[in-house]
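Each of the two complexes below includes subunit A, the first together with subunit B, the second together with subunit C.
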Partner chain A sequence: MLVIDCPYCGPRPELEFSYGGQAHIARPANPATVETSDWAAFLYLRSNTRGLHAERWRHVRGCARFFNALRDTTTDKFIATYRTGEPAPAIDSRGDR
Partner chain B sequence: MNSWRTDGGGRIDRTRALSFSFDGRRFTGFEGDTLASALLANGVHLLGRSFKYHRPRGILGAGSEEPNALVRVVRDHSRATPNLRATQVELYDGLVAESQNRWPSLGFDLSAVNDILSPLFPAGFYYKTFMWPRRAWHAFYEPRIRAAAGLGRAPEGPDPDRYAQRFAHCDVLIVGAGAAGLAAALAAAASGARVILCDEQPEFGGSLLAEPSARIEGMPAADWVAAQRSALAARPNVTLLARTTAFGYFPHNLIGLSERLTDHAAAPSAGSLRERLWQVRAREVVLATGAIERPLVFPGNDRPGVMLASAGRTYLNRYGVRVGSRIVVVAGSDAAYAAALDLKAAGAEIVALADVRSAAGEAATAAAREASLPVSLRATVLGTSGRLRVSSVRLGTVTSGGAVEESSSVACDAVLMSGGYTPTVHLFSQSRGTLSWNAERNVFVPGKPAERTHAAGACRGIDALAAALADGAAVGSVAAAAAGFQGSTPAFEASAVEFGSAGAPGALAQPGPTPPAKAFVDFQNDVTTKDLALAAREGFRSIEHIKRYTTTGMATDQGKTSGMNALGVVADGFERSIPEVGLTTFRMPFTPVTFGVFAGYARCDLFDPVRTTPTHDWARGHGAVFEDVGLWKRARYFPKTGEDMHAAVARECRAVRTGCGLFDASTLGKIEVVGPDAVTFMNRLYVNNWSTLAVGKSRYGILLRDDGFVYDDGVVARLAEDRFHVTTTTGGAARVLGMMEDYLQTEWPDLKVWLTSTTEQWAVIAVQGPRAREVISPLVSDIDLSPGAMPHMSVGWGKICGAPLLLFRVSFTGELGFELNVPADYGRAVWEAVYSAGRSRDITPYGTEAMHVLRAEKGYIIVGQETDGTATPDDVGLSWAIGKAKPDFVGKRSLERPAMKAPGRKQLVGLLTEDPTVVLDEGAQLVESARQKVPMRMIGHVTSSYASAALGRSIALAMLAGGRARIGETLYVPMPGGDIAVKVTAPVFYDPEGVRLNG
Partner chain C sequence: MQKFSAWSLLKQSFGGHQGWQPQWRRASPKPAYDAIIIGGGGHGLGTAYYLAAEHGIANVAVLEKGWIGGGNTGRNTTIIRSNYLFDESARLYDHALKLWEHLSQVLNYNVMYSPRGVMMLAHTVHDVQVIKRHVHANRGNGVDNEWLSPEDAKAFCPPLNIESNIRYPVMGAALQRRGGTARHDAVAWGYARAADALGVDIIENCEVTGFKRDANGAIEGVETSRGPIASRRVGVVAAGHTSVVLGYAGIKLPLESFPLQALVSEPIKPVVPCVVMSNSVHAYISQSDKGELVIGAGTDAYTSYTQRGALHVNSHTLEAICELFPAFRRMRMLRNWGGIVDVTPDRSPIIAKTTIPGLYVNCGWGTGGFKATPGSANVFAWTIARDEPHPINAPFTIERFRDGFLIDEAAAAAVAH
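Moving on to the complex of A and B:
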């Protein structure tokens, strides 16, 4: 069971969280003008990263806030967590900035 | 009592004799015995039959590494635990144990014919032997194999015992309380860190409990252990857990511990806990898990009486049992010499000490000479004999040219062997730490950790007593410091008679390429050198593939005694080194864990939370039959005496259509959407146009996902300009709120909107039927219920029976209807008041089943029944609800994709069977013609199907390709009993004009 550092509450066990898929996929501001193929990509195309992955988590059994995390998919290590709307920190998988 | 028990010594209490039985025979042992030591003390070596060949098996080891001696311990028909290692079963008075995997008896087992037929069961025989004829697999082979294979028998009754679960945090968790683990605990505890020390055995001390020569700090090692244990127990920052197995290493330093509390007790007190699961989150973990001796691989090495040398020593020194009187010792390591010396000193005759190496270590050689042990070097073992216990050993000699010559046959009653020690790296490997090869000792030891893990003592190849103590103390200090606690590292003065423990994994030399008799590598899964050689011959190269093909290392013992020997045999076959062959992954659990400890409290009434509505007890009192809807208990129907479900539902439906029905709709999800931007938020989320919804009105809302498919639906009321009361499906409440929060927090954080779940704040009482208004009007105040003032889909605040009332005029039945929302605590009282007021009008409580029939008669969909995650609003006939002028809402763009508007999509229709008494099966498929070859072309499926009392016939809803254009056609539902002809109709069967709704 992972320990996840909620940016609002601090480290908590994975039991308190739900996973929210890949992060930084913004819904187009004006979907009507988006090409069909681009819209399909927004809906369905997700990366399957080996290594650092920016992803959404929700502290659903805590503060209920969504936030983002950088997790190494090969080790399950969380390199960083940060608030929704903030850019992903520029960090490599060893945690060096 | 008998000649196998020594006159004195050991850690057993000879004043407390315990009576026990094995396979019905009565025996006596002592307090402090294990089942294994007590049986050996009675001369019993045959304990079970092997998994595949049903070969007689005895006791190989003395601890958790035991692969052979698996027994069933029976307290009663519900308390019978299979597959326990006799070496870990603590003896208690009255213990009843049985052997496994034999019929009719342990001494004469019919399935032992498998051993003679073993050419039919080579590695991978499942994949080869039973492939033809194909049909025979299910009918014959599989049931036979299942009956014959497997180990142990589950208890017949439900588990009556109690299990607990606990979370714990600590700075340093130490696994293993042998010399290194105790030293680490002393060092870490002195620094002030919170320490948990666990050990799988009832007594702390590990191998020190079987080392009478060892002295620490001037006292016998076992006394030192007891003293240090007391000192640790007195510290408030230390938790000591005996009989506790660290079975799994989970990510982020979470360790699973299984603590056994009562299995050792003769009569556990009623209600006591049997086991406790600890989930320990440790800042730092110290693994002091020790090392396990390897068997040697030679023909007949599985015969009862052939044991590990360390086990022979442990039974002698700890339990006061001589495992034999005429013993052959086979040495692949100096460690075997210690066993030979101890047993000789205890009066056993060492008839041969066959050392498979060209030389032994200096200390071992000197001690053997002094004790006049009959040592022969460059030896090998060619075979053993003895039907149910070893009676002789055929020894050979390896010449300097490498040839093997038979040298002698030696009569004996026990064989002790040592191939050297394998560090116990299971937990380290589970944590994904990488192992590194120690070429000097031919072992894998912990290398780079993946977690905050430290290894100490024999599990990293440091097993001399003084060195292990020093290593443990140093590692304990380092771990505490890493957790933020500085302390001094204690030093311990220690001495012991010790020999080396290194050896070489693999099989002993044989005259031919494959020995004539089976040489076992994995005892528990019956894997021999032949099987490994066969896998190599058949082209398997990866050790992971060889493992799965031969099943070596895949038994419940997780390769504790077999792993390194399998690698050695494979490496020799490929003429590669062991590190080149690689290593398979160790899986949890370290030793088997009961289901009970994982289930913990979550069983019976506590298996899942139960949600009940405010009228639950009233419904139960009125005979309701309940159904589970998610976690909710909902009244399904209210049968009167003599009624079946069909009759009750028909009566309930008639009551709603002709008089008045009463229904608890409290389980509907309710979310308040509040804030200055509430209407903007609702417009962006739901398909409908909410700007045109006046305060005091409600509207049927549809929620899509952004892929355009229907996600949820429900009535939404506008209670104020900035306040919406959104209802959801019963099952969808949580996920709709989650979706709302997702968009609000991550897409539109600028909107000033607050979301609150109010599902459990409101009791919802639906009063439905032509007489609904008559029934409630005497009770309601402050609301004008007349049709003009309160038309369909209007909402008002008022009072009922003194309680605050949020009244909806709304209908899911097609009749005049009201839904009374009152604070949940008033729910039961208002329900009863309405029921009393309606008695003169024959008010009838109805359940979810009648509700389903009534809504299907009206063609109202249920999300999740008519829809399946691939239906658009248009597919289910709801495009009228869409606010088409809105620039955007969730899902709008997807509705414009070509596939979403393509002709031939499945559409909601009604079906009427030609025979009105036939009720279709939900899920049944629709075809154009029943005269097709199988597989037929399926063009739709039945989603809802009921007997309708109002129509006097069956009705059904279906999703049908191009359905709306097919109304009037006749289609077919092919069923096992014959084809059913159906006519396609519009989906509304009753009152299509909605006259009754607006009454």
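Moving on to the complex of A and C:
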């Protein structure tokens, strides 16, 4: 089980969290002008990165807040967690800034 | 190819079984092939076999980064069934089931297909309705499936607990009698041996790291850890690593890779005569010929390429197993492992041409593609050989997500094995 560092509450066991998929996917600002293929991409295409992955988590059985994380999907190691609205920290997968 | 038969067994026994030859050549890459298959799992090896056996394309290489069958093919719980809800799926999975029935004879290799019956349990009123709907839809499609009362279910699988005092009592079950299991390794080895005998090169420890394109963008070949190899037709069958491989060609597909786990118990005398599945409490169980209980657990919540999973996922499944089979409560589990499964938004596979001429993909089998191995390989070989889909895989395109033609087994089953 992973230990996840909620930016609001601190480190807690994975069971308190739910996973929210890839982070920083912005809904199109002007939906009326969006092409079908772009809608499909918005709905279905994910980076599925092998390596450093920016993703959403929710501390659902804690503070209940959403936040974002950078995790290395080859080791499951969390490199950073950060609050919603903040940009992803510029870090490589070894955790060096 | 040395043919296996009672006679060859007898003959070899006189020589103390020293006369058996390796079952396929340890091939090294040639400079060029008529077709290249990336991924030496059951689907990839099967594709190469059908290209050679049915389409006359035998100058084929299967490139495997590790050892063949070392991916999900060798890691799955081997449940075979075809009772999917939608017409498109029923056709695809039943095509596979029909091929399973004769696969050992066709390949001259015992894949130990055992149609012992797959029983899917209902635990709630909703389950009963959904499963009955499946039964009727399946029968409409010519796929066998029947509804059992709890008592009938227990008669079919005696260790099953049908008492009403458990959290999710058994309210009935669907039984597909043609469903069952097969030996996963034998499927990889049987296809490899038969493909090799037709001239296919099986190249292990050869990781594909890039693609070569001509001036028009069409596929010209692949870059590998063992050097470049030319081919104008390349099929990607890389399961959990499909996104990584297609990423080398700049193609993004609606796929996410998750760890899925399984575990086996210590071996015991025969006790579970069939396959029992429960989507609601998330338990899958059958018994191997060695006597181990083979148990399928769930996926982790998050995408990962680690080929392992969290222990609490296994505990969750074992809790459900212990309620359904109280007799197993004191058993010890011997080992557990994980595989990386590639999941599409509708939980149906993609078997299709890509936007790049000469590049084909067979992926998205997620948690449930072992059962489809022969059928998937068969129609994918057709797709590569003719540069157009077989009618069975024609609906399983990439564009269905854009065009709204999902084959939504996800909504139909929530999970699929």
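In this text, the second predicted complex is superposed on the first by the 97 of 97 C-alpha atoms of A that agree within 3 Å, B and C clash if a C-alpha of one lies under 4 Å from a C-alpha of the other, contacts with A are read in each partner's own complex, and residues count from 1 in each chain.
Going forward, a residue touches a chain if its C-beta (ideal position, glycine included) is under 8 Å from a C-beta of that chain, and two chains touch if they have at least 3 such contacts.
What you see is a predicted model, and the numbers here were worked out from it, not measured in a lab.
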Partner chain in contact with A:19 - subunit B first, subunit C second, else both or neither: second
Subunit B versus subunit C as contact partner of A:31, first or second or both or neither: first
Which of subunit B and subunit C A:40 touches, first, second, both or neither: both
Which of subunit B and subunit C A:48 touches, first, second, both or neither: second
Touched partner set for A:3, first subunit B, second subunit C, both or neither: first
Which of subunit B and subunit C A:75 touches, first, second, both or neither: both
First (subunit B), second (subunit C), both or neither touched by A:90: neither
Touching both subunit B and subunit C, residues of subunit A: 1-2, 18, 36, 39-40, 43, 75-76
Contacting residues of subunit A [partner subunit B, same complex]: 1-3, 13, 18, 20, 26-28, 30-32, 34, 36, 39-40, 43, 56, 58, 60, 64-66, 75-76, 84-85
Partner subunit A, residues of subunit B touching it in the complex: 250-252, 254, 279, 281, 432, 450, 706-707, 738, 741-742, 745-747, 749, 887-888, 892-894, 896-898
Subunit A-touching residues of subunit C, taken from the complex the two chains share: 241, 243-244, 252-257, 301-306, 310-312, 345, 401-403
Contacting residues of subunit A [partner subunit C, same complex]: 1-2, 14-15, 18-19, 21, 36-37, 39-41, 43-48, 50, 53, 55, 71, 73-76
